[in-house]
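Presented below are the structures under discussion, each in the form of structure tokens.
You will see chain A twice below: alongside chain B first, and alongside chain C after that.
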Partner chain A sequence: MTRTSAPGVRVKDLTVVYKTPAGELPALGGVSLSLAPGTITGIVGESGSGKSTLALSLLNAVQPPGRIKEGVVEIDGLGDVVKLTGEELRRARGRQVGYVFQAAQNSLNPLKTVGKQLLDLGRSHDFDDLPALLKDARALLGRMGLDGGRVLDSYQHELSGGMRQRVGIMFALVLNAHLVVLDEPTTALDMITQAAILKIVRDVHHERGLTTLIITHDMGVAAEVTDSLAVMYGGRVVEHGPTTEVLGSPRHPYTKGLIRAIPRLSGDIDEARALPGRPPTLGTIPKQGCVFRERCPLRIAVCDTVDPEPITRDARTVACHAVGRLATPVVPKEYV
Partner chain B sequence: MKTVVRRLSGHLLRGLAMIWVVTTLSFVIIRNIPGDPVRGQYEKLIEQGMSPDQAERSTAALYGFLPTGSLWDQYTDYLNGLLHGNLGQSLSTPGTGVATLIGSAAKWTILPVLGGTLLSFLLGVTLGVYAAIKRSGKLGDALAISGSLLHGIPQYVIGLLVVAVFSTLWPILPAGGPVDIDFAPGFNGPYIASLIQHATLPVLTYALASYGGWILAMKSSVATVLGDDFIMAAELRGMSRGILFRYIARNAILPLFTILALSLGLLFGGAIFIESIFNYPGLGLLLVNSIGARDYALMGGTFLVLTVAIVVANIAADLLYAVIDPRVRKGAEA
Partner chain C sequence: MITASGITKTYKQRGNLLGARAVPALRGVDFAIERGGAVTFIGESGCGKTTLGRIVAGLETYDGGDIVIDGTPMSSLKPRHREPFFRRIQLIHQDPYSALNPTRTIHQTLAAPLALRAKQTGRDKAWMEERARELLALVGIDPGYVLPRYPHQLSGGMRQRVVIARALTVDPEVLVADESVSMIDVSLRLGVLALLKDLRERLNVSVLFITHDIATARYIGGDGELYVIYRGQVVESGPTESVISGPIHPYTQSLLSAIPVLHGVERPGPERVVPTEALNEAHPDTGCLFARRCPFRTDRCEAAAPALVSDGDQRHACYHPQRRDVIPVEAVA
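Up next, the complex of A and B:
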């Protein structure tokens, strides 16, 4: 058990399919992604790009009618999460991997106080020292600028959106999980609360020595807190690398398009160029070839038939035929 | 505490007003049903050659009150009686108070209907949870279909079918009456056994007829809660199955409490069809018979009991809701 240090995470060739009347459609098509121990990794992408599905896969919690068809999710200290079932899986959730929800606003049972739900959590994970758990929770909440005692005595409807979000983070951390997954932690919050939450995430990450994964569709959030950044499109990671490099000199045409679409505070709003076309849905993801080709300015013949392999070079991974060609000697990732 | 008292007194005031409105309406409607038995008796006596005075005295002696006076006078007399806890004299059973009749009918209604309601509630709620969890499986479908089917068949059809099966085709249970008259009433084995025997079919009918509603309501309620974010959140935090089940059950059963409280109030209306089919001398049968006999006082009395029961059930449901749902509790205090 690696309880005291940040775990590394290795996702390999993860394919998640959803059962629909039109057959099983892939939400994730062979995703590979590594989270280095102790880093904050961000995942950005449009709605429907598979961000949340990937996040849920880290807990082997893809909801029916979806299922993990193949692939490996290896977490240090846990092994391959995809193979965990039943009680083993339940105990890993919360204890080893903390999860903060996209809809953390509603992540509490409306009929019980926060404190009682915390006790439920403690009992579920066989904590003997429940008073210590409450003490930890109060300290964590205090750390996030809340009156811990008051919050533990409150029902969900007595807390504001920002407070609920912090309670959600507390729940993810209080069992001392060292891998924390935050799915859009600041969506639906005002800018000031958003900044406060991000600061908390960053501070707690460093204090506790966590490995953190943040899912967002907000490039600003990604730029502010993450060490490394993965860009997803159509159920694939199309680009991954250190955040400053990915944002500073994007390589994949989709990443470039995304960044060009951000309006600047200083400058003409017309300079922001929306990406032409629309992202694929489950049903419209192409069966073969590159998923981005329909909207791609660099499209070449091979894109229609072959799905580009992610190529890693200088700590940066890009999955694009056109970029691969332009680039100087490419080393397939198998040899890195 | 102060808020609870204020809330309760508000409920009581509104409840009393409601009872008064219903009492007045039912008084007016009942008095306008054609066919006045007291006037009928009075006129019959006059036809038989009595003087009006004599006829009036004789009728008054028979029914215990004078059939004269304007509708308004009768209304104020009636209300005055009610305020003194007097429901009046029955016309169809001369010399007996309405309260006595209702009291003796109530004991035949409350236990079977209460039993049937609770049985169907427990059965429907338990199976409803199951039907919701297994809603994409065959068993879940079967349960839901059984619910829709039973919910759709009218009570009296179920009653007749039950009689046909258990009293005619396969005669193991009595089809009518509340108890065998061979046994001396009291706390003795044969009498109680006979009571239970006779109550079985009415309770079964009642339970079958209302089970469908419960299972459907619970199924949709559980399905809604299962889709709530906090259930998935609890699951991803690694909450144990038992705790997860309690979270689901408590949230899902909440809306059903109101329905339960109301159906417990309706209990005092008796189960008219079921009591008619099984010749069970409960409140429903009493009401039907009182209408047939144009027994104004008894009709008014049964309506009043039903009204009071429903108003009380409503208040109870509201107060209960405040106990089990913190959102309502806080909302009221704010």
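Up next, the complex of A and C:
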């Protein structure tokens, strides 16, 4: 298999809106994020934070009633994906960008064997050498600890959840895409299966020289596999930086609160604290000011009116008025 | 006080020409729940932990063994006489999105069981109204906001609190919480867990916590007992903290090793155990059920099943017991 270099991705000022009876509401409010070539980036956020919308934007696949209102999604070798349409876009999906959808274990066609679905995929991308495609698929499945021949002859109901998840990853990689997006790759899997899948993701990433993006709500999953971690809240990236640094010394109050809310296996369990309040939904994201201020212990006057700009310093990006400057919180609040 | 001994349950699958296939869900499980105590069942999907929870809540029958509630064996009673016993044990469902009737307001949802309660205790309608508000306040939500609303108007965390409030209407002694937070947003999860912990302390209710996430078990039932269930069998049990910090059975060790490490905050445990193959229910039932996946198996493991034996304050079913240090350690900054 040919090895091309891993692509870099640059998302700039991306705004995605969804049409609702209350008008067009922004699911992403001017997001900028770069994926360095050859790295695994994680996006962590709660439901409604816009993480899946951001991932879909990499394929220019935001479905109506949503639409990309403005912004640029630049992928090396593809250009600005937002400008691609029709046939060009169809070809890019799968070939250049592999995508493992949320609940991939339920996204196989129940009426066709995995092998048949693979051949359909090959034909739709004008592969002349279908036997070679099957061979690659078998090798990939074998790489992930499955009996490739058997899996290709199986229907989805004959495979376990963990096996289907691996089939999903095979589909994302088999066309030799070098940018791979995994949306919640391990949700609904058991702990031991999750650990096995994450190891596979990491190994395949290194072996094939990929740029990988993992979307998850689970900080642990992101911590386990990623090099770089972006935290999303209310349609914004509030913090981004090297994973160990973001986890070890979080700067944004939301990141701090989220890490503190994880019960751990060692140390004083009562250190774990819930975040007060609840995450905003599409309709309740504040129109102006910081999206996190309602739950923030560091809230200051300016947070009510001005949406904080992401500021990058020593490879760490944080969007918070109260971080990195001398400020007295006017509403002192402790997590309770 | 509830004790269960030797609970077995076999599901019959509709058969083919060769006859029905029996699927053992529980293969003889013993446990005890004390008043105000916490008991956790942990295991992978399909291990039987949910079935066990439903049996304890009286929602499922069992084939063998017995449940004794405050000295009364359930097998000695006719099914309709068991009801008052099992009413003291309330199940909190996994999915707060489907556990509430979408066509009823929260007020209606709470009124039905409260009416029953009022009738039993000879109280009036005003008490019901009062009690509904009191319970919602107890679970940490604003009664004025929630009562007139329908489930779809509430967030997952709020719905789960309503489900808990509904379980509390009949003044239960035991709450069975089956994966109660797995479908709730991360930042809200701990709030619901803290509520269950708080109810234990304030109302002296016992919590039977069923989960695949050991760390949450530690939060709610750190002072209680932990039962590790594998393919319908308890393979290890003991005080929660002891089992987590010094797991003896290789399966417990594998489960704990699989928990993601928060790199930057933690370091991986030095002796992590990875199963040699994936869970396969079709593996033979002879010998140790975990043997096929166990990196430490010997011929003996495949020949005969090890029994649950005591080892200090823990119990385990393994021929080659050895404590291993598998959980992540706090990294020194």
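Definition applied: the second predicted complex is superposed on the first by the 318 of 336 C-alpha atoms of A that agree within 3 Å, B and C clash if a C-alpha of one lies under 4 Å from a C-alpha of the other, contacts with A are read in each partner's own complex, and residues count from 1 in each chain.
Criterion: a residue touches a chain if its C-beta (ideal position, glycine included) is under 8 Å from a C-beta of that chain, and two chains touch if they have at least 3 such contacts.
All figures in this text were calculated on a predicted structure; none of them were measured in a lab.
Once both complexes are superposed on chain A, the partners chain B and chain C fit side by side without clashing. Chain A is touched at more residues by one of its partners, and among chain B and chain C that partner is C. In the superposition on chain A, A:S47 makes contact with chain C only, not with chain B.
Once the two complexes are overlaid on the shared chain, A:D120 sits against chain B while remaining clear of chain C. In the superposed model, A:Y155 lies in contact with chain B only, and not with chain C.
With both structures placed on the common chain, the touch criterion links A:T244 to chain C but leaves chain B unconnected. In the superposition on chain A, A:R273 makes contact with chain C only, while chain B stays out of contact range. Across the overlaid complexes, the C-alpha centre of chain A sees chain B and chain C at an angle of 70°, to the nearest 10.
By the touch criterion defined above, A:R90 lies against chain B but remains apart from chain C after alignment on the C-alpha atoms of chain A. Between chain B and chain C, the shortest distance over C-alpha atoms in the superposed arrangement works out to 6 Å. In the superposition on the C-alpha atoms of chain A, no part of chain A is touched by chain B in one complex and by chain C in the other. Against chain C, the residues of chain A that register as touching in their complex are 46-47, 145, 160, 162, 190-196, 198, 217-221, 223-224, 243-249, 257-259, 261-267, 269, 272-275, 278-279.
Per the touch definition, chain C reaches chain A in the complex via residues 44-45, 155, 157, 185-191, 193-194, 212-216, 218-219, 222, 244-245, 254-266, 274-275, 278-279, 327-331, 333. On the side of chain B, the complex with chain A involves touching residues 228-230, 232-241, 243, 247, 250-251, 254, 324-327, 330.
On the chain A side of its complex with chain B, the touching residues are 59, 61, 63, 90-95, 99, 101, 103-104, 106-113, 117, 120-121, 123-125, 155-158, 168, 171-172.
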